[in-house]
Amino acid sequence: MLDFFNSNETIHFIITVGSMLLFTIGLYGIFTQKNLVKVLISFDIMESALFLFFIGLHYNFGLVAPIVDGSDKTFTNMVDPVPQAMILTTIVIGLAVLALGLSFGIEYFRLTGINDISKMNELRD
Amino acid sequence: MMESGFHGCDLDDSLKCKLEESGTQNTHSVMEKAAAWFRSRSIFVVAYGTGCGAIEMPPTFTSRYDAERMGVVGVATPRQADLIILSGYLAYKTLRRVIRTYEQMQKPKYIITLGSCPINGGMYWDSYNTIKKLDDYLPVDVSVVGCMPRPEAVIDGFSLLQKRIKNGEKAGWEKYDENLDFYKKNQKRVLGNHVDPSYETDWYNLENGSEV
Amino acid sequence: MIFQIILLIMLAYVVGFIYMGLYRNITARIQGRYGPTVYQTFYDSIKLFSKKNSVSYGWMFYLGPVIMATGAVLTLILVPVFSDSDFLRSVTTQGNLFLLLYLMVLGPLGNALAVGTGGNPFGVMGVVRGLTRLIGLELPFYIAVVGLIIASNSSDIVHIIDLQKTTGLNILVHPFLFIAAMISMVGFFGASPFDIPGAPQEVYSGPRTEFSGKFLALLMSQGSIFAFAKLVLIIDLFLGGADSLWMLVIKTFAIFITIIFIGIVYGRYKVEQAVDFLMKIPTLIGVIGLVRIIWFG
Amino acid sequence: MNSIFLLLNLLPILFLYQFGGDLHVSLSLTKEFTLSLSQTPLGTFFAYLSLISFLLVTIAQKSKKTSFSYYALQFLLSIAMLAIVLAGDFITFFIGWEIMTWSSYFLISKSSDIDTKSLQKYILFSLASAFSLIAGMVIAYSFANSFDFNVIQNSFHTMPFNIKVALIVLFSLSFFTKAGVIGLHYWVVDTYSKAPDLFSSILSAVMSKMGIYGLFLVYGHLVGYAELKDMFGVILNGTDFGYVLGWIGVITSIIATFKAITQDEVKRLLAYSSIAQLGYIIAVIGMGTSFGVAGAMYHTLIHTIIKLLLFINVAAIVAQTGKNKFSELGGLIYRTPVSFVMLLIGIIALAGMPPLGGFASKFMLYNAAIDSKFALILVGMLFSGAASFLYCYKLVYGIYLGHPTSKDLETQKEVPISYLIPQVILALLLVATGAFPGAFIKVINPILIEFSLNTIPYTSMGVMQSAVGNFNGLFIISAFVVIFVFILLLIWRIKSKAKNNLNRFDISYCGEVPSKNTQLHYGYGFGTDLYRIKFVNAILKRSSSPFYEALATQTKKTAGLLSRMYYGNIHNTMIIILLFFSALYFIGVN
Amino acid sequence: MSLGYYFLLPVIFSFLTPYFRKLGTSALRGSSVFLTFILFVQTLEYTGVSLPQISQFSVAPPIGIAFVLDNFSLLFLLIFTFSGFMVSLYMLWYFKANDNTNETRFYVFFNMLLAGSIGMILSCDIFNVYIFFEITGISSYALAAYNKDKLGLEAGIKYLIIGSIASIFIVFAIMLIYLQIGTVNIGLIAQRYSEIDPKIAVLIALMLFIGFGTKAELFPMNFWAPDIYQGSSSHVNGLFSAIVAKSYLFVFFHLFYLFGLNTKYTLLIMSLGAITFLVSEFTALNQKDIKRLFAYSTLGQLGILFMALASNSSDTISGALFHLASHSISKLLIFLVLGILISKFKSTKITIVGDFKSLFLSIVLIIGFLSILGIPPFSGFIGKILILKGFALSHNYIAIAFILLVSIVEAVYFFRLIALMLDKKRTKTSVPVGFVNYIVLSVLAILIVLFGVYPSLLTHYTDLATNALLQPHSYLQFALGVGL
């Protein structure tokens, strides 16, 4: 029984389904929520889903973290380090965007008292 | 008798004298004679229907009496006309237009009046707005009497005029030129000094050349 | 040469005046009158020349009738009056039919200028009516002329005359064109129903309102010369021209009497009625003739 | 400043003269594009035409206060036109064309009574014309692989038929717009009437001729009249193509003529007249015969002269009196007699009356139609010519004859001499072309050779030769003068004393004396009775402006509709992007 | 100089900005001018060098990260550094004449923007492209909002939200690519793109398309763009129009041709470009706000560029690149002039164009307008005629007709502005221009005229760039590290 859960296919399937569910939650947020903070949270959820998806699919059973401590030079049994590096970078970028977005939101709210993105339409035709 | 002054009884003697003098005068040169003949053969008429006599014009000029056979033919504008027919009484208002029309005609030019009103006022002898004797205001060449004269009489008037033109008799327009002051004075008496401003520019003032 | 031309002008003058007199006389007879003598217009002309005064509004007013007369005389010498006279043939080849079409309008233009200078609004109204009528009047005539030019492949009148000696008279060959041209001609002669420009009941005498004395006389003289020239043009185009004085008189008189008969029986069209009519019936007749020449000729 | 630019304007003429008709320069712009000037007889004719016009207009500008930028733009315009007519390839042609467009645009904008709407009209039509041209030239390029005129000419017959037709239609549309064919003339009248007065003369006399040059270039040079005949077949004695163009031209000229008569503004009348006259040129330009080309060329020359003369004359009057309507002018004949005579000469030529040059050109036009047996087209031309007498008369009457409509007109002085000099030159040119109509055949024949058409026989300067009869201009004009003088002397000698009755109120007025307030000038109502004629009314009440205004309104509505997409709701924008993605994905996957 | 400095220098300057501020405003402004000047001069030097060139960091590609400069990116690099230089010169005047409290913030993000956009075109690693994409994005959001006014913040928020959407698509695409091929090197992806399962390949292509297309303002994804332009300052608009939009465009078409997507998606992109052109030119007709108006104009021109660049034919693409360069210069010129006017009149209504009195500004503005309209003898004409010629050679007459017809609509509002400018009835206020602006604007105007009358200057580079885009062998060699 546990073997079933220990197989790569299963775990990849679960991760895929799970992250896509998470992604769908984010999408749902984007489609329905109009509060700027909630929209930004939805984006973050979507990004997180992608991260999970990407990292998860590159994990196979029996592999260890790609940490080179100097002793082992064979690089075997390691997870592909590139996705992890990429995700780390992406997380940082996502954070930066989130921070910028929130700061914009705060400033804007201070000036106008609006946090509904569909009502931010002073710039329009 | 209210307006007896208008009849010329208070005219200056000098003017009166001049008028008497202007009698007949024959033309001499051959060219003049020929011209006089042609003038007599061709008379363009502007028919000024001033009074009841206007009704006599159409038969005179159309098929029944046909004045055209004598070379007498109607025209519309005074510029082309040799003869003006004044067919009846002349109110002051009409007189003004008649004078103007007459002055716009080119010399030689003649006047024929119909009926008695232009001669002595006729049935309008005591009217307040009708002139009594046209000859004081414009030189009448032929007066056809009758009230109104029939077309035959009008045609008779034409032939009389033609005869006089042919003979080179001194015509009314010459009298008018010579005694302009007299006529103008009479006209102004009736029409007043406040006549149309353009009277200043009439032939009266332009006689000695174009100074305007 | 100068002598011949002067002789020609004299002939046109005399014949033209006689025709004008005849016009009045015949009209009178048709109306049941005795009418004036045939020389009446001549008397009128001399009388007007001998007027002591002629009012003038300045040099353009003075020159207008002169331009008009020039146009008439120029038209006359460019129309071959005698088709076999070598001299006239050589003169007329200096011009052509198109030139004549335009020369015929030069006179009205000179008149119009003088009228405009005169400053009489009635005169100008008359001119405008005349020019408006001209729009309709020229159309059938142009169609006829164009048809003849295309049919004889030449705009040279002498050539058109010569051609008729072999192909037969154009009046028989191209009857539609002849009818169109004749209806126009009625208008060109100022006869009813196209005599609106000078309608005395409406606009005084129209263009002639201000003309008097010698100017009017000049207008009348050129009118008779011009009328003669137009008659000659018609007989040249449709009746094979004239080679002798008799032929000339007979042919022109035939055309002339037709025009009188047409003119006498009609009332006067308003200008828009005239143009409407001219743009319909005569134009249609002309176009039929034209199409006949181009597509079936 | 004026003299500097006068000299500057003289320079290109000298330059052109110096090269003596054989100017071939080329300059590589990129590896595909070459700027090349290549002088042809056709180009030379138009070059001199435009340069001399500019020179004359510059003379007239002497007494009008004109800014440096105006002169500079005008000079630029003349150079652009030079580039157009000397161009050896389409790139040069187009660059010249567009510089002409915008430099004239800025010149027009310098007028005091210009409004935005007219400016927009002008520039949009000009650009539409330019874009049509550019479309044609790139399509030609796609087959000829070159913008060079000679290459395109050589490879034209190898193109597919529909491409040939498309090219001809595109080029024709472009040049028709410039020449102001009816339907495409919406800009012409407003522009001509509202442009600076002297610049209107350039617009009408020279710039519209660039459209004619373009048509010559395309029909005669690029396509070739022989090719046109092969493509479209033959009707009567001419080509089908020429027949269609003939009707286009005739309808243009008839409609414009009637429209001209009813105008109250002087320059609007002249603008319509310009459209009408160019209609004649277009009517014969496609006939593909020697006389067609010759007639079109001759009329181009004469119309340029006439329109320069008339527009300069009107500009002088407008500058002098400050009025530009027939209902406000009048009675200037004895105040400005020289101007009057000049205008008179102009309208006599415009009406096509002998003995001036106007008749010679009309004669050639008619001959062209006769030559092709296009009888109804010829009748149409004659008809429009007859109607044009009315507006010719309105022009001279409304300004100079009749009565002055206001007090200040009675004290006007003659216009400044600088306006008169070019007018006198142009009037003399009209007399000269009338007296020596044959002289121009020498100019035309090289062009006919260039178009591989038969030349027109030349006998003498005075004689205009044609297929169906000729006329001797010298004879006509001398006969005219002799007879005129003779009659004048005759009438002078007659004793009947002509009284110069100088008071303008002394007219036959039914015994009445018109006062100063009486409306005696017939300038305003002139031509209104045309509305009562059914046929003319049908023409006059129609106008192209509802169509173009509806187009503008519809465009605006469309713009409003489309702009509602950009209503600033970022949430919806996001959703649209996501939906668009899903839509594309479903399409892409399936 | 290593290509890496193109990224490093701006970043370093960006980080040092607060320090420069402490040294004084002139140091701050001067540093930016210095930086952009160095970059521009360096780029000019590359024009004489044989390309492509590569700069690798630590490990050679395909494993390592590298910057590759080929002729295609050189053209963009020239445009970007030149525009940056011009804007930095302009800012010398701007902050002197206007409120300069936000000066530091501007320079931080301006330098960062340069770093990001230059990095984006130089990077040969798709993940790095993404990173630079985000750097450009963040700095442009910040630039849009750097004044912290209401409109700017709104623009910033909108931009940020849209940017987030786009980045999610791109991240997703990159992840899918990596999952399929196991590499992020563009060269390798290009080589092995055809091996990907077609369904996934479609998904990847669409995601990249949506991601970069959104940022590059293609039609159904561009409803945000005018708002951003309207909310931002005019010189920032200049940057957006001349640099930012063009850098996304670069990546879009670089990947488009490298991944061999041109066979399938040409028609889609061309028609979307055409619709972009049509819709934005029509929409521009009713605009009352000058910045929004030119935003639509920019969208329209980008539409033409999409049409032409997707057309698969070297002639058209060469023309499109010429047009792109010309458009960058012209739009920059227009936005800088508008900046002067807006700072004078404190209004963004289109009527300000009719209210100023300055011969110099009128002339350069009109030159800019005419150039964008494609009227000779200005550079826009050469671009447009080259594009049309390219379409003609591929017998794509519909595109020609479309471009020309819509161009008339474009002319409507451009000439409405010009007519407003020439309207003598309006009361005109004279506008101080500033010494630096005379130089900046005349350089831009002279370049427009120069490229118009002597286009070989630029066509040389555009032809090379076209070759590099359509025959990317040498680029791929370098990107794969084979040539090293």
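Just so it is clear, A, B, C, D and E label the chains in written order, and each chain counts residues from 1 on its own.
Simple rule for what comes next: a contact is a pair of C-beta atoms (placed from the backbone, for glycine too) under 8 Å apart; a residue touches a chain by one contact, two chains touch by 3 or more.
None of the values given here were measured: they were computed from a predicted structure.
Colleague: Which chains, if any, touch subunit C and subunit E both?
Modeller: In this structure, the chains that contact subunit E and also subunit C are D.
Colleague: What are the mutual neighbours of subunit A and subunit B in this structure?
Modeller: D
Colleague: Centre to centre, using CA atoms, which chain is the farthest one from subunit D?
Modeller: A
Colleague: Looking only at C-beta pairs that count as contacts, which pair of chains has more of them, A-D or A-E?
Modeller: A-E
Colleague: By CA centroid distance, what chain is farthest from subunit C?
Modeller: Result for the farthest chain: A.
Colleague: Measuring centre to centre with CA averages, how many angstrom lie between subunit D and subunit E?
Modeller: Here subunit D and subunit E have centroids separated by 45 Å.
Colleague: Please work out the Cα centroid separation of subunit B and subunit D, and write it as a whole number of Å.
Modeller: Each chain's C-alpha centroid was found; their separation is 58 Å.
Colleague: On a C-alpha centroid basis, what's the spacing between subunit C and subunit D, in Å?
Modeller: The answer is 34 Å.
Colleague: For subunit A and subunit C, let me know how many angstrom lie between their CA-based centres, rounded off.
Modeller: A distance of 101 Å separates the two centres.
Colleague: Using the touch definition from the top, which residues of subunit D touch two or more other chains?
Modeller: 499-502, 506, 508, 510, 563, 566, 568, 570, 572, 574, 578
Colleague: I need the residues of subunit B touching at least two other chains; which ones are they?
Modeller: Within subunit B, the residues that touch at least two other chains are 77, 79, 104.
Colleague: Multi-chain contacts only, two chains or more: what residues does subunit E have there?
Modeller: Residues 157-158, 161, 165, 226-227, 283, 286-287 of subunit E each touch two or more of the other chains.
Colleague: Which chains are in touch, pair by pair?
Modeller: A-D, A-E, B-C, B-D, C-D, D-E
Colleague: In the complex formed with subunit C, which residues of subunit D make contact?
Modeller: Touching subunit C from subunit D are residues 236, 331, 333-334, 340, 344, 348, 351-354, 359, 362-363, 366-367, 370, 373, 375-376, 378-379, 382-383, 386-387, 389-390, 392-393, 396-397, 400-403, 466-472, 475-476, 479-480, 483-484, 487-488, 491, 494-502, 504, 506-510, 519-522, 526-527, 529-530, 532-536.
Colleague: List the residues on subunit E that touch subunit A in their complex, please.
Modeller: Residue list for subunit E touching subunit A: 127, 130-131, 134, 137-138, 141-142, 145, 148-151, 153-158, 160-161, 163-165, 167-168, 171-172, 174-175, 178-179, 182, 184, 226-228, 230-231, 283, 286-287, 292.
Colleague: Which bits of subunit B are touching subunit C when the two form their complex?
Modeller: So the residues of subunit B touching subunit C come out as 35, 38-39, 41-42, 44, 62-63, 66, 68-71, 73, 75-77, 79-80, 82, 104, 106-108.
Colleague: Going by the contact rule at the top, pick out the subunit B residues touching subunit D in the complex.
Modeller: Residues 77-79, 96-98, 100-101, 104, 196-199, 201-203, 206, 210, 212 of subunit B touch subunit D in their complex.
Colleague: For subunit E, which residues are in contact with subunit D within the complex?
Modeller: Touch residues, subunit E against subunit D: 157-158, 161-162, 165, 169, 199, 202-203, 205-207, 209-210, 214, 220-221, 223-224, 226-227, 268, 279, 282-287, 370, 373, 375-377, 381-382, 385, 388-389, 391-393, 395, 397, 400-401, 404-405, 407-409, 411-412, 415-416, 418-420, 422-424, 454-456, 459, 463.
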